[in-house]
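Next, two complexes with subunit A in common: one pairs it with subunit B, the other with subunit C.
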Partner chain A sequence: MMTPLMAYYRPSTVTEAVTTFRQLRQDGHHPAYWSGGTEILTRRRLHEIYPGAVVDIKGIPEVGQHAVHGRDMIFGAGISLWEIARADYWPLLTATADRVADHTSRVQITLGGNIASHLPYREAVLPWMLVDATAWVGTIKGIQTRPFCKLFDGRLVLADDEFLVALQVSRDVASFPYTSRKMTRRDWVNYPLVSISATKDVHTIHAAFSGYALEPFRDDAIDRVLSEEDLPYAVRAERAVAAIPRKAISDIHGSAAYRKFVTQYTLASIIEVLEGGQ
Partner chain B sequence: MKSITGAYEGVFHINGQTRRMVVFPQDTLLSLLRGHAVSLSGAKPGCENGDCGACTVVLDGLPVKSCMKLAVESEDTAITTVEGLYDTEVPKQFLDKWAFQCGYCTSGFILVAYAMLLNTSRVNDAIITEWLRSNVCRCTGYQEIHEAVWAAANARGNGT
Partner chain C sequence: MKVIGCSIPRKDARDKVTGRAKYNHDITVGGTLYAVPRLAEYAHAAIKNIRTVAALKVEGVRAVLTGQDTPFLVGEVLEDRPPLAHGRVLYWGEPVALVVADSEEKARLAASLIDIDYEPLPVVNSIDEALKPNAPLIHPDVDRYTILNHPVYPKSHTNIADHVHVRKGPTDPLWPQCDVVIESRSVLPQIDHMAMETRSATVEILPGGRVLVHSTTQAPFAVQKMLAHYFQLDQGQVVVMAPLVGGAFGGKAAVQLEILAYLASRAVGGQMVSVVNSREQDFAMSPVGTGLDAHFRLGARDDGKILAAEITYRLDIGAYTDSAPRIARAIAAQCTGPYAVDNVKCDVLCVYTNHTYTTAFRGFGHMPMTFAIERAIEKLADALKMDSLALRLMNAIRPGQSSPTKARLTASNVGDLPKALNAMAKLIEWNGGKVMKVGPHLIRVQGIASFWKTSSSPPDAVSGAVITMNKDGTVNLSIGAVECGPGTKTTAAQILAEKLQMPVDRVFVHLDVNTEVDPEHWKTVASLSTYMVGKAVEEACKDLIRQLKNLAAIALKCSPSDLAVAGEKVFLRDDPQVMVRFSDIAHGYRFPEGDTIGGQRIARGSFVIRHLNLLDEETGEGRPGPGWTVGVQGVLLEVNTETFDYRVVKAASVIDAGKVLNPQGAKSVVMGGMCQGLSYATRESVVYGSDGTFLNRQMRSYRTVRMGEQPEQYLVEFVETPQIDAPFGARPLGEHGVLAMPAAVANALSRALGIEANQPPFVPESLWALAGGEKA
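Presenting the complex of A and B:
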């Protein structure tokens, strides 16, 4: 069978990308923004999507930036997870990104593609859910900045023709205590039973979760329980799991009960690490 | 803006040779390499889903699963396939250590090991394991593959 045609566009500015996307949509081509392309190709192979055209954003300089500027760190959406770990500007992001997929795939999977993924995991978003980050968004009017917390609610919330250009965060976050744990059923390389990124500022532990529910999440109530310093680690971990406002999923990787069990003992060890127990 | 809406003549740099070839925008790099115009069958189609690594090639010094990359994205990059590593250290050590059985996965492992040696001045067991985890072998033992990679690292001066 002939593979249906999929036109390819590689703009060099944000405005050109959005204008091209709009035109393609208007002409009925069902375009998609293309970054690493790994998810589009796999979903297309499974006949889940049929983009008639892709707009490759990696030729746009702002999408490829990866730098420390003054007090801030800037991560372009087109930077690969491998490159993020290699440069290691933000250790929590490195630790989380470095556990997504396998080494070769991380050369290709990008930060923006992972955060905008249609799969439930989006593990590279977890550190961003724990800090005050600013998102650069590509719009018809050029780049706009928005608080990342307003843009990500389990999934990336953008207008159909907008795309993530970059994420910006204060360098201060790189010095917070952190830990990141990805728990898989058996193999090292696999989708997570649960993946948790956590950090601590002064007295509060902040944790974000992927794999446990249908979307990544964090919650103030969970953070409060995790931070009750008078209680033993195991008790806090048990209460934190009870406070999770999402339904644990049951799938090929593990049952809901098993996920809760794994999440609980992982949280106990995370608290211990963040409070300097070991 | 590069815009490709049908048959397109691109310039590709494969194993040190520059070639002009006609591709379609939806062609993967894997299908370009294995197609009639190039006829390099070293990169193997396995899962064609990014999982097995049998199709791995090296682009600008980094390993890439060629089933997950569009041919048009690979223009202006240096593409290395297993054919480009003829008579070099890594494949020699795979032969020497019997690090294959049916051989279907072997070129992928060789390319990952080659890229690792390009990018790592001093390897150790953990680094080798992490890079090789991207590839799956269905019939021989990973131990022999690991030993072949160590031997290549030592021969090239990347050992510890």
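Presenting the complex of A and C:
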């Protein structure tokens, strides 16, 4: 069921990968970095993209790391969402990753592929939007580190020939209270109407959203409303939805109005869970 | 020895669960070419120009066909469909060109390189749009098409492909005598069959003139006849082979890919060519199930007796008719549901739209029909303030009454609905549909719905069986019904084993079908296989027993009438020790001296349904099938009144099976149907964009019930009112598990939320919207 043939490269270092990519680009092959490959394959089948070559980054050791190192946790971009959930280093990431796609796809879909996805969801990015994380980026000069918040603005902001190698975050985040809710049209496995990851540090609730708008987002104003402890949950949830600075989308999964309705009752229940202990 | 009534494991079970069973496209022959269609990207457009130059340049491409190479129309009833679009495309996904190449990859690449200029035309995107006074005409020549199989009544200068009338009772209607009159409208979307195995066909035209066809078909004999008809061949020249079919649900009764594969093979000198649907093609290009917009007016006395019904069923048949006229007649003949109504006016319209064309779907129109009926019945019960089960009981159709098309109902030809209703009341502990509170925002509520169905087969449908004996006394059975899931082959073996009083594992059934060697079975549809194949097998058994006795009589020096058959022996009734074994006479009887008489025992049986007729054009009068299966289905739902989410706690069915031949087999076929019905109720529908684009042509977006989303409990029970003329009294059962499930869910949801849930699928959003949505 394939369309045109596609050349495959599997470099073993970051510089080799970027060099290969640049060469292929120069030769007019429209290369793509290949991680889990599920999106490249499925988009190609539908004639949405025609990469003439792919550069598989999973042979690069740094892309495959997945460990707790001293005070930090490190997640290689090539680790599958299934594996992330299985190892369960960071419960919030586990909860979010574990709801992406069906099992068969989840063993293929990778953290990097999900975050770099062309689809509007990129659900596995949500936990990262709530913490101070460091991104390892593959460049022609080798690996560079950048603050994750500088790298992700609804979508991954990288030069065409750069790629995400790994994400690193302090182990402390693993002990924050958290909740993750994925709401779909109907099914356990489906794209989200809205998917919300939320954590609470001392007094503030932080929430990040996917599925609601054309890309994942978080917003200080929403967090402030959610954290107004004097107000009932339902009121906060209602005000939070009103404060969302994005336009809710309408598609075959649900209308904009219904998305708002679902987001609201889901937020109310998230606040209740996060504050439940007090 | 008892075989009937026992849970016999299916003959195909072990091979299937171990993954060893072979389906159509599991075996590929080296050197096979592939044909890939290029699909229309408009729902309605004029084809201005097709440039195939780039496609032909792709290495390995052998031929590119367009509508100009296929200047003829095909159709099962009305010939209105070009194999490849002619001049205009009428639905999104219609095949416009066909590329034949060495490999599927090359053919796909080349297909994507065909350059087509379209001029978009206004899209007819719904039944309502199609019936508007100045609607664009999808088939301006509808009255000039050839009718291959009467009846069908296309209306010129409209988008109406067919109109069926039912008129029963006084011309001066009984409405004035009605104390309560309700109106109800139900709208059901088109749905996809979603068989696990997508459709595929391979054709090879041999130099000697034989045409070999391998297909995922439920109707190998229909494929044979169609190809012979359209390509001027003798039927015997066309050999159709149908191996196990990986789910069909009616969708593989239509003939489409076989014609494309034939054209492709012919274009490359008869070489073997395969056409294999991708999932997207299977959704958008190949036919789906009809949509329905139904309007009901029901009138009743205040004691609940229904006096009059005025019904309009409008079917969204998509761009071509295929079997829609037959489905329309099936709906017409059962239009009131299993209720006795003396005054009936019903119109069934087949409406062309710029949607994917449609074909048979499990239940042959009865699932959407039942939905509309049972929503109306429920509304009537509310208006009468009556328990809806009691209302159904009071009006349940009974022997002595007549069907809407005035077919006489007897104690044999119709099942016992009152009995099934009472059994259902016990099975789900019916509480009248009262709402039960089980948590802060959680309620539980029951819903029920009844159904009936007959076969609506053509009056000349045939079926046959051939039995051959092996030397060791085992028997081979050959029938023309395809195994597409419900255990047809096993049931046939069971009937044979019971008749011959021999172990069922000593009966070997030919699991595939080959039109060259297997006797014809009309089509493996309409849940008719047990009845028709069963009757043919019974005939063949009689023939075999006669042959065995005749030969044994010589061996045992007695008269055939002295003999009985059981346990693979033929013996004297009064002294069973005087006997010959099957193995002694299977291939002739050999005297001790060595000389032998008789040859291999080969027996045959043949059957045609009697006393069926086509419905009258003006009144619908006629007998549509040999018998009616009736049943009741119910659900217990748990509904969250805050989020509108809900789940099915229990799903229940009580069906009058006549006689349960294979308890576990019957239960699983009904459960499978229930799951499918719940899937339609809770999530499935084809979604078209405002321009007619088929939007959800992948399993990512066309949602079905998945593992873990089933009800907590399936309850399946049978009542048994024998159909006297059927094998062991068994009634058809294959499709029925699906029929009333969506209606039962809708009835429960309507009560739970105080809404009219008349438009499946019911996702939380649709319930939220019905309950006031944004405004609430």
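Throughout what follows, the second predicted complex is superposed on the first by the 274 of 278 C-alpha atoms of A that agree within 3 Å, B and C clash if a C-alpha of one lies under 4 Å from a C-alpha of the other, contacts with A are read in each partner's own complex, and residues count from 1 in each chain.
The rule is simple: a contact is a pair of C-beta atoms (placed from the backbone, for glycine too) under 8 Å apart; a residue touches a chain by one contact, two chains touch by 3 or more.
In this text, all values refer to a predicted model and were calculated from it rather than measured experimentally.
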Practice prompt. Examine A:103 and indicate which partner it touches, taking first as subunit B and second as subunit C; both and neither are also allowed.
Written response: first
Worksheet entry | Residue contacts with subunit A in the superposition, subunit B compared against subunit C | B
Worksheet item: Taking the superposition as given, does A:33 touch the first partner, subunit B, the second, subunit C, both, or neither?
Response: neither
Item to complete: Check whether A:189 is in contact with subunit B, with subunit C, with both or with neither, and answer first, second, both or neither.
Response: both
Worksheet item: With the two structures laid over each other on chain A, which partner does A:82 touch: subunit B (first), subunit C (second), both, or neither?
Response: first
Practice prompt. Look at A:47 in the shared chain and tell me whether it touches subunit B only, subunit C only, both, or neither; answer first, second, both or neither.
Written response: second
Item to complete: Go through the superposed model and pick first if A:5 touches only subunit B, second if only subunit C, both, or neither.
Response: both
Worksheet item: Can A:56 be said to touch subunit B (first), subunit C (second), both, or neither?
Response: first
Worksheet, complete the sentence: Check: subunit A residues flagged as touching subunit B and also subunit C 3-5, 45, 102, 188-189
Worksheet item: How about subunit A: which of its residues touch subunit B in the complex?
Response: 3-12, 16, 20, 36-38, 41-42, 45, 56, 59, 82, 101-105, 107-108, 188-189
Worksheet entry | Complex interface listing, subunit B residues touching subunit A | 1-6, 24-26, 28, 48-50, 53, 56, 62-65, 67-70, 72-73, 112, 130-131, 133-135
Worksheet entry | subunit A-facing residues of subunit C, complex | 104-105, 108-109, 112, 278, 280, 642-643, 682-683, 687, 695-696, 700-701, 703, 706, 708-709, 763-765, 768-769, 773-774
Worksheet, complete the sentence: In their shared complex, subunit C is touched by residues of subunit A numbered 1-5, 45-47, 102, 185-191, 252, 254-255, 257-258, 261-262, 265
